[in-house]
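Have a look at the structure that comes next, please.
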Amino acid sequence: MKLHEFQAKELFAGAGLPVPEGRVADSVQRAVEAAEALGYPAAIKAQVHAGGRGKAGGIRLARDRQEAQASAEAIIGMTLATAQTAGRGHTVHRVLVEQGQQIKDELYLSILPDRATASMMIIASTEGGMNIEEVAATTPERIIRVRVNPLIGLQPFHLRQVAFGLGLQGDQFKTFCGLLQKLYSLVVSRDLLLAEINPLAVTEDDRLVLLDAKVEVDSSALFRHKDLAALHDPSEDDPLEAEAKKYHLNYIRLDGNIGTMVNGAGLAMATMDIIKQAGGEPANFLDVGGGANAEMIENGFRLLLSDPDVRAILINIFGGILRCDVLATGVVEAATKMALKLPVVVRMEGTNAEEGSRILNDSGLELITADGLQDAAEKIATIARQL
Amino acid sequence: MSIWVGNDTRLLVQGITGTEGRFHTLQCVQYGTNVVAGVTPGKGGQDVEGIPVFNTVREAVADTGANTSMIFVPPPFAADAILEAADAGIDLIVCITEGIPAHDMLRVKNALAGSTSRLIGPNCPGIISPGAAKVGIMPGPIHKPGSIGVISRSGTLTYEVVHQLTAQGFGQSTCIGIGGDPVVGSNFIDCLTAFAGDNETTGLVMVGEIGGNAEEEAAAFIRENIKVPVVGFIAGLTAPPGRRMGHAGAIVSGSSGTAASKIAVMRDCGLHVCEELGRLGEFCAGIFTG
Amino acid sequence: MKLHEFQAKELFAGAGLPVPEGRVADSVQRAVEAAEALGYPAAIKAQVHAGGRGKAGGIRLARDRQEAQASAEAIIGMTLATAQTAGRGHTVHRVLVEQGQQIKDELYLSILPDRATASMMIIASTEGGMNIEEVAATTPERIIRVRVNPLIGLQPFHLRQVAFGLGLQGDQFKTFCGLLQKLYSLVVSRDLLLAEINPLAVTEDDRLVLLDAKVEVDSSALFRHKDLAALHDPSEDDPLEAEAKKYHLNYIRLDGNIGTMVNGAGLAMATMDIIKQAGGEPANFLDVGGGANAEMIENGFRLLLSDPDVRAILINIFGGILRCDVLATGVVEAATKMALKLPVVVRMEGTNAEEGSRILNDSGLELITADGLQDAAEKIATIARQL
Amino acid sequence: MSIWVGNDTRLLVQGITGTEGRFHTLQCVQYGTNVVAGVTPGKGGQDVEGIPVFNTVREAVADTGANTSMIFVPPPFAADAILEAADAGIDLIVCITEGIPAHDMLRVKNALAGSTSRLIGPNCPGIISPGAAKVGIMPGPIHKPGSIGVISRSGTLTYEVVHQLTAQGFGQSTCIGIGGDPVVGSNFIDCLTAFAGDNETTGLVMVGEIGGNAEEEAAAFIRENIKVPVVGFIAGLTAPPGRRMGHAGAIVSGSSGTAASKIAVMRDCGLHVCEELGRLGEFCAGIFTG
C-alpha cells in the first residue's frame, strides 16, 4: 500500500526525522493560506501516488501569494499522468504546501527488504533528485548498496559504509548516521516495503532535510499497524479493483473485451496468454483464488459484468479440493440471478468435472462448455471475433 | 522414487483444529499420508479423528517422531509456527499460509539458514510424491506415480500441468509447488539439486511465471547440473508491466522479469520451452519419449 | 557484578514486572517504620550478596511490631555465612522490608546467556523456592530449559514452551508470557549475566509476584549502563581485591603464605599449582596482565605487602612484548621504594631475560633469581618451609 | 606446513592507529608477516609506517586483497569490528581485544555461524606459524618452525609451553591461543580438526584450564579423530571453587570444570597429561621422540 508524500512525512517526523515544515490543503484557498503561513518561497506539491510529478507539472515553487494562487489552481483538480503511472491519470485532490529550502546538494537514500537475497538493502547515492534507475544505468559507481542481515540488524559499520560512501564528514557524517539509523528502525518496525528519500537535501546551512518521501507499506502486515491501515486512500484505486479487493479477489483491468475468471494466479495468467495466442484480447486478470467457493464465483461474475468493455466471458476452473459440481452450481446460480446475456465459455477440470459439465448443460443457460484449455481458448476467441 | 516426502514421512499439522487445517489433514490421511500428530496451542490432549493434538511442536515430535510439518496457521502467527517447527528439529516444513508479512519471511529465511530444516512455501500448494505421501492441498487423484518431477511457483497451474502429464501417461516422482511469494524457503535450484540426486526421476517440468529472476538462475543451474530433459513453461506472456498479478512475486519491473526474457534464457540453457499451455502434455510426450 | 535484591527489584519494577511493595532500611528503627507503613505480615530480608540467606537466618517474617523489631535487630549487623558464601561472612548493613504475600505456589524462573551454546537460556521449574541445582539433580524432569538464538530473539513459541511446561492456564498463562517477555528484554537490554526469580510466587488471589530476585550484571558492559555501574556496593568486596581492581589487576586472596605475582591468568594459575606441588602454599592469585608494565608491578608489590599473611614472594614473569630488563627495573625500583624485607624469588623468561637477571643481581637487593619455573617453585617452597 | 596463517596471509589490522594496534602491527611486520592494510574509521588515506589506512574493511579488502584481520579495537566497538570483517569476506579474524560484553559475543558468534569467516579469540594472544606469519601479540623469538601444533586458552602460559618446546628442540607448525573468554570464535575442536588435516603436524600440545567443559569435549574428539600424539596440560589444580581466576571462563562451579576431572577425562581419551608445568618440555620430548 502506497502512502501519500504528506503521510510518509508525518510518519518520518514522528520517528524524529527532519522533514520541511508543511501543511496539506484540499482547496486553492487553503493552499494559499498555508503558503502565507509558512512564508515564501513555498513548494506546492500534488499528492497522488505517482513518481515523476515534477516533470509532469505536479510540483511548483511559489515566491509570493500570486504564484501560490496560480500554482494551487493549476495543480488541484489536474489529472496527472507521469512516466511512472503507466498511462493511467491520477486526479489531484490535495496538495502539500511546504517551506522552500535553500539547497546546496541532493543525495539519494532508500531502504527496502531485498527479497531476492532475503536481506535489508540500503541504497544511497550522491546523485539525488534523479531517477535512481537512470543513475544505476549510467553511473553505477555512484550507487552505494549495503545489505543488512535482518537478524543481525543495522550495525555501526553499515552506517559508516554508507556515510563514507557519500563522502560525508564531521557533524554531517554523524547527523546522517543518526538519520539512517532512525529510518532503518522505522522500515523494520512499521513493515515498510520501501522508504525512499529522493532527494535527501543538504541545505545551504548544512542541515539534512528529507525533501521528498515515498513509502510503501506491506499490505500483509497491516493487521499489526491499524494506524497505517487508516491511511489508505481509496480515491487512488481503480473502483473495480477496489471492489474486487473487498471480496478477496485479485482483479486487474486490461484493454481487451474477453472477461476471464480463473482460480489461481498462475493459471489466470496462463489463461490470459492462451486467449491472446488464440487471437483474442483479455479484458482483465481475475483470480478467484485457489480455494474459490460458489460465493466468490458469484462476486467474480458481478465484477466482470460491471465492466462495459466485457463482451464475452471465459471461465477456467481447475477443481481441486473444491469440486467442479459445486462450482458449476455456483456458476449456474449466479448466471441465473444476474440474467446473464453475454456468451460464456466454461472450462472445468479436476475433481467431479463430468458431473460439473452435466450441471452446466442441464441448466438451460447458454453456456458453452469446452473440452480442455486449448479448446476453450479457441472457442472464446472465435466468439470474440464475431462480436 | 521421490524426494523429500515419501513412505518415511511422519506428518504433523500445525493449525490442525482450524477449518482448513482439519479438512486438508483428512484429505492427506485419505491419500495415504502417515499423519501422526497435530499442534494447536491450548488444545493439547484433544484429537482430530484420532490424530493426537499437542500444545507444542516439541511435545508432538517427542511423542510421535514427526519429521515433517504442514502449516495452516493464519498469517500473523505463521512465522512463529515455522520457527517453532525448525526449533523442534522438523526436517521438512511445508507452509501453506498465504499473506505472511515480507519482513517476517526475511527473518524466517535467515533463521532457517542456520538450522537443519528445509522450508517449502509459504503461499504454496505443498508437495506430493504420488502413491506415497501428499503434504499439501493439491487434489490427489490427478496425480499418478511415475518418474517425472514437477516444480512450480503456482498452484492450480501446477494441477493443470500434472493433469496433462497424467493424461499422457506420464506419472510423477514428486511435484512441488514452491510458492508465489518473492521470499520462499526452497527455490527452483534447491528442488533441482534434490531431483538431480534421485536416479528414478527421468524428466523434469519447471513451471515459472513473470517477476524476479528465479527462472533465469534455475536455467543456468540446469545447464550445468541436470542430465535429464527439462521442459519449461512461463505464465504471464501478456501480463502488463508494473502490475502485481495475484502472487506477490509476479510483477514485471521495467524490462526485467518478463516472460519473453525468461523464455529466451531458458532456451539458451537447453531447456525445452513450451509456450502453449493447452498443448503442454503433448509437448512433454514429445520430449520425454523422444 | 552482583546486585542486591532490592536493587534487582527496582530494576524489575522499572521494567513493569510485579514485585512486592517494599522499602530498604539501614537501621532497626527505619526497618520497624517500614514494616509499620507496609503492614503485617512483613518480610525482613538481609541485603548481602549471598544465596541461601533464608536457611542462615537472614530472612525473617514479622507478624507485628515486636517481631519486626526483634527481626531487624537480629539481622542488621549480623555476619551472614551461608552455604553459598564459600566460608566468607558478609556483614549485613541493610534490610529490605516487604509486604508479606499469601502464597499458593512457588515457581522458579531464570534467564542467562548460556555461553557454551552461545544462546540465551530460559530455565523454569514448578519446584520454586528450592535450590535449582538440587532440583536438577533429584528431579531433572521438573526442569524446563528453553534455548533462544540471540539473533532470532524470543518468539511466542518459546513463551508457550515455558508456560505449557509449567502447566499454566488461562489468564495466568497470558500473564506469565507477558512477564517472561519483559524479563527477557531486560536481560538483553541491560546486559545481565543472570536474572533469577526464585521463587516466582503464585499468590492465593492468583497473581504472579517476583518474590526473590538475583541479578548479575556483565561488568564488561557497564560502559553502556552508567546507572547500573552506580549500583556497585564496595562494602561487599574484599578490600584487597577492590584495591587490585582499581589498578586493573586480578587478585584473589587464598590461605597460604607465599605471595605470587605473575603476568597472565593461565600462567598465574599454573604458578599456584607448581608452588603447591613443590610443597608450598600460595597466599594469593595475582595476575598483573599479559601486557604488564613497571607501574603495575609496583602496584602488585604493594598489594602483596599489604597482606600480613604473605611471608615470601614468588615473581614469575614471561616477558613477551614487554621486555624483562624493563620489568626487572620495575621490580628493583618498587622493592627499593617499599624497603622490601621479605624473601623474594624472581623467575624471568623471554625477551631480554639475561639482561633482566643482571639488573636484579646488580641491584644490591636480596632477590633470589631462579633458573626456570621448576627451580623457582622449589626455591620458594624451601624458603617457606624455613619460615 | 601450518594451518590458517602462513605465507598466503595478507594481514589487515583493525584499530591500527591506536597505541597497541600500531605497536603490534610493527612487531608483526618485523616478524615477516605480510601486513597489507589498516582500518581506522575517519583516518582513511593516512598510513602507518607505509601501511595504507582505510575507512572501512570493504575498501581495504577491495584495494589490498587482505584475507586476514587482526583486531585491536576497544571493547565497546569490537563486536562491530568483527562483524565488519566478516561482512567484507575476511577469511580469518583474530580478535585480541579483552573485555567484550557477553551478549555482544553471543550475537557475534551466531552471526559468524552463517558466514564464511573464522574467528579466533577474542581475549587471545593470536596465532603464529613460526617462520611464516605472526598474527598476534606473542613474542616471536621464542618460536621455532617445526611440526608440533600448540592450542591454548591462555596467553603467557602458552609462551611458557612454546619456550620449553623450543628449548627441547621441538619447533612448532602453528600455535593458537583460542582465548580465555567463555564464548570464543574457534574452540579446541575447530583447531584440532584443522591440525588433523595438516600432514606435517606430527604432535600436538593442548593447554587447558579450569572452567567449562571444552577440554573434555576436545579429549573425546581427539580419541576419535586425532592420530598424532597429544600432550595435555591443565592449569588451576589448586584454584578455589566459585572464584573467577582472571579469565572470564576460568571458574570451577561446584564439582564441574575442575582440573582433576578434566585431567581424568583427558587420560581416559588417550592424551598424555603432564601435571608439572616445570617439566613440560622434557615430558613432551619423551612423548614426541618416543
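For reference, chains read A, B, C and D in written order, and residue numbers begin at 1 within each chain.
The working rule: a contact is a pair of C-beta atoms (placed from the backbone, for glycine too) under 8 Å apart; a residue touches a chain by one contact, two chains touch by 3 or more.
In this text the structure is predicted, and so the values were computed from the model without any measurement.
J.: Based on CA centres, what chain would you say lies at the far end from chain C?
T.: A
J.: Name the chain pair with more contacting C-beta pairs, choosing from C-D and B-C.
T.: When B-C is set beside C-D, the one with more contacts is C-D.
J.: Quick check: how many Å separate the C-alpha centres of chain A and chain B?
T.: Centre separation, chain A to chain B: 28 Å.
J.: How many angstrom lie between the centres of chain A and chain D, each centre taken as the mean Cα position?
T.: It comes to 54 Å between the two C-alpha centres.
J.: Would you mind listing the residues of chain D that make contact with two or more other chains?
T.: 107, 110-111, 114
J.: Which positions in chain A touch two or more other chains at once?
T.: As it turns out, chain A has residues touching two or more other chains at 149, 151-152.
J.: Should the pattern of chain-chain touching be classed as line, ring, star, complete or other?
T.: It is complete, because no pair of chains fails to touch.
J.: Mind pulling up the chain D residues that touch chain B in the complex?
T.: For chain D paired with chain B, touching residues are 110, 113-114.
J.: Under the touch definition given earlier, write down the residues of chain D that touch chain C in their complex.
T.: For chain D paired with chain C, touching residues are 20, 23-24, 27, 75-76, 99-107, 109-111, 125, 137-139, 141-142, 152-160, 163, 180, 182-183, 207, 209-210, 212-213, 233, 235-243, 245-250, 254, 259, 275-279.
J.: Going by the contact rule at the top, pick out the chain A residues touching chain B in the complex.
T.: 86, 113, 115-116, 118-120, 133, 149-151, 188, 191, 193, 218, 220-221, 223-224, 250, 252, 254, 262-270, 272-277, 282, 285, 287, 290-291, 318-321, 349-351, 372-375, 377
J.: Along chain A, where are the residues that touch chain D in the complex?
T.: Residues of chain A touching chain D: 149, 151-152, 155-157, 160-161, 164.
J.: Quick one: in the complex, what on chain A touches chain C?
T.: Touch residues, chain A against chain C: 151-152.
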